[in-house]
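Structures follow.
Shared between the two complexes below is subunit A, which pairs with subunit B and subunit C, respectively.
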Partner chain A sequence: MDIRPTPEEAKAELTLAYILDQFKDCADFTHRSFPNNGASVVYLSYLVGNDELLREIVKPLSGANDEEAAALLECDPYSATQDATACLNGILDGSAAIFFRGRAWLVGIGRPIGRTIEQSETESVIAGPHDGFVEDLYENLAVLRKRIKSPKLKTVFLSVGEITRTTVALVYLEGIANREFLGKLIGRIEGAEIDGVFESNMFIQLIDDNPNSVFPQYMTTERPDSIASKILGGRIAALVDGSPSVFSCPTSFFDFFSSPDDYYQRWMLGTALRLLRIIGFIVTIGFTAFYVSVTTYHYEMIPHTMLLNLTESRSKVPFPPLIEALLMETTIELLREAGARLPTKIGQTIGIVGGIVIGQAAVQAGFTSNILIIAVATSAIASFVIPSYVMSASLRLIRFGLIIMAGVLGNLGLFMGIGLVVIQLAGITNLGASYLTPIAPVNFRDMLDTFIRGPFWALTKRPSITRTPNKIKNKMKK
Partner chain B sequence: MREKLNWFHVAVLVYMIEFDVTAFSLARVTAENIGTNGWFALVLTSMAASINIFLYWAVYRIGKGQSFFQIMESFVPRGPLVPAYLGLAAFWVLLGSLIGKNFVIVSQMLSFQSTHPMYIFLLYCLLVYAMLVKDLYSIVKATTVFFLLSFWMNALVPYFLSDWKAVRLTPFLFQGSERAHSLQGWAEVFTAFVGYELCLFLFPHSDRKTKLFRGVLLGHLLISAAYVTTVFVTYGFFSFQQLKELQFPLINILEYLELPFLNRLENLVFMFFLFSNLVTTVMFCFASLSTLRHVFPRAKGKTLETVIVCLVFASGFLTKTVRESDEMLRALYFTEMAIAFGLPLLLIPMAYFANRKGRGIEA
Partner chain C sequence: MKKLPLLLAAIVLSGCSDQKIIEKVGFTRTISFEKAEDAEDGRIKVSFSLPKTTQKESIFYSTEARSMRQARLIFDRQNDRRIVNGQLRQVLFGASLAQEGIWKHFDSLLRDPSVGNRVHVLIAEGDVAQLLNKKYPQGSTAGEYIDNLIRTETKVMDVPDTNLYTFARDYYDDGIEPVATILKETPNSIIIDGIALFRGDRYVARIPPEDKMYFGLLLGGVRAGDLFLDFPDERYSSELSTLLYFASRRNVKVTRTGPIMDGLGLKVDLRLTLRGSMLEYNGDLHLERPEDQKKLEAEAARYVQGKCESIIATMQEAKADGIGVGQYVRNTMSYREWKKLDWPEAFSRAKIDVHVEISIKDFGKIQ
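This part shows the complex of A and B:
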């Protein structure tokens, strides 16, 4: 494991006194001696398992004399170490350090800490595996190894955070992942400057190509099947210790609109779902803005049968459409945020109360028109169609900008806003790969697995964005 | 990693540069200047533009992919060229600006009668700035998306076929024009294709794999096909006399679009033209930027881009009405056409002699 020591640590000599000094004032630090052979054992008591401690240390060492202890420590699982930093990190990782005759050994006796594998709450699927990543890095790695049983699945360990020294594991398939991207990603991770990292979604902001963009630039997911398929596609996955979200790269904007579900259904159904999400994307960013534009500047666009209802409903509202829409959108966002923060059972109540208040009382009080309620609610629902929560949140923010542009300059303002979004998207890269792949640069074959979910017999090549040296997916039959 | 263009992107770029405000009035312009079945004049002028593109191909081949500036400076010292560079840069800024302003005036006339056009133009300039500060590859990526947002409009053609009558085309060719056939009349039709000459500034961003001129020609042929189809449909949709009277036949024809849940769809469809005009303005500004960067290589940060966009905005004050804007734009288009034909005729011998001189030195 590549853990960078501080200059003082790098110089330090590995002695029991040094370790005791480093862990002084740590109440959970335990120092135990064995008088029969003179060995000393140190460990962090809440990180180690009692059974493992008894089996690997207490039982063997308490019954062994000087010579027997020396012979014992030459065997597995005891590994000798002379490096003070490695010893410190080992103890912090849940190992015990044994000091005997001036030498030191590490033995892994850590116990699993955290929840067991369970279903992801943010990304649920109807068909398909239900396991999700958890907070433990090694558990997550095991889940991936279980899915891709290949010695070509390689891992690189890096550490980030000056104080937290969080482990980040890069996972890729040798011969399939692009080495240039891997080198670039390692460089970025090693160059990240921060005192602590607690979450993947936090960490990726440090290694973005465009840190000031509103769009997420690395795809994060809690689903092992999704990550396994990305690794097979030639992408590099990165697991951050303590985070159930795993990110992969390089990522395209359109990756955020695909869900593992698409592949578990018949291809026509998968395609229909993809198209539905694209409609959802258009509705969520543009529907309310279009309402504002039409009711502010382009009344002539509304058919006269609908116009009567709209005028009647709007006549009671004292605000211009822009203010009315912003108020309602803000209310919806308040409800969504409140629902997300509250426990599930109360969250549901908020939804019902909010629905009644907005749906009935606000219209009756002349606070808003009923057609706007439909527009705002449809936009909100459409935003939840997008499988990635981070992308959905970004799009909701952009929606506000488009509403303001539509309120200022009608359809032209709305289109100018869309133009700005496109220009912003065109400037984004992920590890140097274009964010708008496969539209720009255009790749028609990739489109078979972007806007539609082509049948498996047609998906013979890996995505071009990965610049994989091994383009063909199923070489076995060719 | 510096990305190189590929022919598809070049085609898209050329399509979008050539697709500008001239499209709105193209049917009238052909009817006024050429007469009945004026759509066929577009085929002929498009062929003339293709010959011009061939000349640029010759510049590329003979100059071995060297940039416009390298070829010029291999023959003439840099010093005397600087005023010419500055003149060209200013001209392209003005042309880009007036194309944008013309679009803004037309949209203001259609939907925002009470809004000051310069206020709309200011927002337009912000878009130009947002795009211009990006590198060419990002501009091309945005253009590709804008292309997709614009190209679908060609699929509207079948909608008008039910009201299209072949009899309106008349059996006569090039009869009944407002004025006698003249070079100016034909040149006015040719203005629709102005823009392909900017391929000169793509030389440094291309290599052998790009197949630059395949892209330029394809883009040009694509927009030619789109223009010919649109004007052909317009000729069979309106009578010849109507065509000569309508200021913007394309917008008029769009007014016939209707959906059960939306009326007056032209209010929406017209806005898609924003993207093609934006790309045209940005690419003329890009030509100007490339020239200014060559003249002022030490300019810091986004200074040149900011200066260009400020000039674009300031040039917007030159025109207030559609008539003023049309007249000024026509004069600028004629000048640009002269530049478009003149530049390769100047550069080909320069590149040829520079090559011979280079070979002589090597020998």
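This part shows the complex of A and C:
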């Protein structure tokens, strides 16, 4: 059913009767009359705040006579409207509509709904700001405004979802963000035709360049400090109402491997952490696959003291290494998924049952070899050092593909698989910017802030991927 | 997208014939070749030693065959796991077989792509099969014992690390001949019993184990050697001293004093520089005095020089240029001239002088 306003509806005359007709059968819709001056007020009762209602409507109108009411409505919080659709949308956004002498006014008396600002569950840091974005868009905007106190911080409001009419706010710095990217992004968002949007991680799939790729193409985060630094770097941030994740673009693959606390540590430590995450990336996609490949085809590559232990341990296992590895990887994914679904208190039990009982017993029962348990556990742990949950989930999926390739063709297959991943990565663009920046196109200055976290005196320019018109960000001399 | 099933089929159906799942293969650690007792039609005795997964024991197969591959086929018929060569650590040649030439067998190892280049090439004296099949108090299997022994000994560079790569390189290269470490079985150990000098692929002479360090010096570049100087007679003022932790450098200078064809017009100066600490001393010198220190250095140099010259005499007698003097000689002449030169013959007649310079950094902590 098409629920967009038909041309007749769009042309409908704004009358109280029309509004009442539109909201009929809505039990939370309230119609209130003031007999002393003949004004009628309508609103959705659970969207508005009691205090606001009292202050803006009940108190001023209940004591006012005809003339006073007319004068009052010409003043500021009350905005006159003639458009029926605008009036409907206003009511849905938490405003009250006042009908008086055949004319209509809107007044915003909505109350914020949702939790207060608290720490993000998925992206926690040890040192650094502990606030996270929440579901309410305006709260999130306020958090950003508090961080970047500049009138150059511009916002664009767009609406997506034809039924849900979810607000999406684009935030950027004028003179620093690239207008071309901004235009492209607005075009994409306006082109999204869907009935509803609930989450930014869902929304970005509607507007990305490569919908069939396994990799997330917009960087999402729940951390305001991260988004603030992205905006300063020349990126455009987008907030989706109802979602605590904020996305920024253009994004490169390596953005998913940096975390704001890299910058809060000394640069050498930050560099070490970056390198650790790169190692984590390699381990998480390749370690189990390498085990499969080596035990199936390339016994020459195993140090001989380990080889004998491994053979001893493998000799009780009835399956070939490929099946063995797939079984264990599936088990650990089951554990992880179960842990994510369960309440925190039961989640710990799962950890004990999974980690100790299954791990120990599987080896003793001759179900798997103990080196495989190490490989599987290491790659599972390594997948969690990647700060972005969405990226780490993608990498875990790739791992299965590589295991199969390694089990079928050995190291040749493993490297063919890695080659395919690289081809895929090289083909992805985000708003037309290359996903593999700064490797392709190569930019050594950007690498200072990609694979390592260079000292601040070396980070003088904004990242090239943003194509910012204002390149210098740090004028300090060493 | 239509090509995807095709691609998948190409990957998945491409066969798994090359699978060598580790618990289904037996890894050869040591291969030995020696002369068969009653050798008929060129048969030799080939033995394979495969460690068991318990690491304390090994499986030992021995047979008479014409080549390694033939022997492996025989062993494959008996072994419950497929025998593979990819974890080979050392190959042992019996001394008497080595005297007849080993290239035939060596070549089959070089051709096998699964055999690594760093497989130790060793010469064994006595009954090789028995040496390999024995239990030693050093713990693990003979194969691992030899592997570890060679690794630790070659670390200090006094025993050249002779592996497949260096052996084949020196065999093919002009102006140098291969060498190999000699092993010998004692009642409760395996001992390094000198260095075998080859001419071509034939074992022709042996450097005794006491002199292996001097051979290392001549070969050049000892990094952390350990030299024991047992001054023999009255001409020296000390009884014995040990130069510990020394490093050495070699410098070769070739001068031509006449026609080279018979090797007589060739003068080679080997300059050895040793620098290290002396930590053991028995003798009458007062080492706290600088002039006595100089005297000791000079005497030690004289002693080392004598030893080196006797090793060179051994090599010249055997016409085996194991230290690569020929490479320096080759550099002084055109290739055509070199091709005409019978180097082993010229080497045996060349005049090779050794100059040794020893500087002792410190004389131990009591000074």
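Quick notes on this one:
Following the convention adopted for this analysis, the second predicted complex is superposed on the first by the 464 of 478 C-alpha atoms of A that agree within 3 Å, B and C clash if a C-alpha of one lies under 4 Å from a C-alpha of the other, contacts with A are read in each partner's own complex, and residues count from 1 in each chain.
What we mean here is this: a residue touches a chain if its C-beta (ideal position, glycine included) is under 8 Å from a C-beta of that chain, and two chains touch if they have at least 3 such contacts.
Nothing here was measured: the structure is a model prediction, and the numbers come from that model.
Of the two partner chains, subunit C is the only one that A:T296 touches; subunit B does not reach it. In the superposed model, A:A80 makes contact with neither subunit B nor subunit C. In the superposed pair of complexes, A:L342 makes contact with neither subunit B nor subunit C.
With both structures placed on the common chain, the touch criterion links A:A71 to neither subunit B nor subunit C. By the touch criterion stated above, A:G413 is placed in contact with subunit B and with subunit C alike.
Look at A:L397: by the touch rule set out above, it reaches neither subunit B nor subunit C.
Once the two complexes are laid over each other on the shared chain, residue contacts for A:L275 go to neither subunit B nor subunit C. Within the superposed three-chain model, A:L310 lies in touch with subunit C and out of touch with subunit B [touch as defined at top]. Once the two complexes are laid over each other on the shared chain, residue contacts for A:P321 go to subunit C alone; subunit B is not touched. Annotation: subunit A residues 297-298, 300, 302, 409-410, 413 touch subunit B in one complex and subunit C in the other. For subunit C in complex with subunit A, the touching residues are 11-12, 14, 16, 18-23, 25, 27, 29, 51-55, 84, 86-87, 89, 114, 116. Subunit B makes touch with subunit A in their complex at residues 1, 3, 6, 8-9, 107, 111-112, 115, 120, 123-124, 127, 130-131, 134, 138-142, 144-146, 148-149, 260-265, 267-268, 271-272, 274-275, 278. For subunit A in complex with subunit C, the touching residues are 295-300, 302, 304-305, 307-312, 314-315, 317, 320-321, 405, 408-410, 413.
The part of subunit A that touches subunit B in the complex is made up of residues 297-298, 300-303, 306, 409-416, 418-420, 422-427, 432, 434, 436, 439-442.
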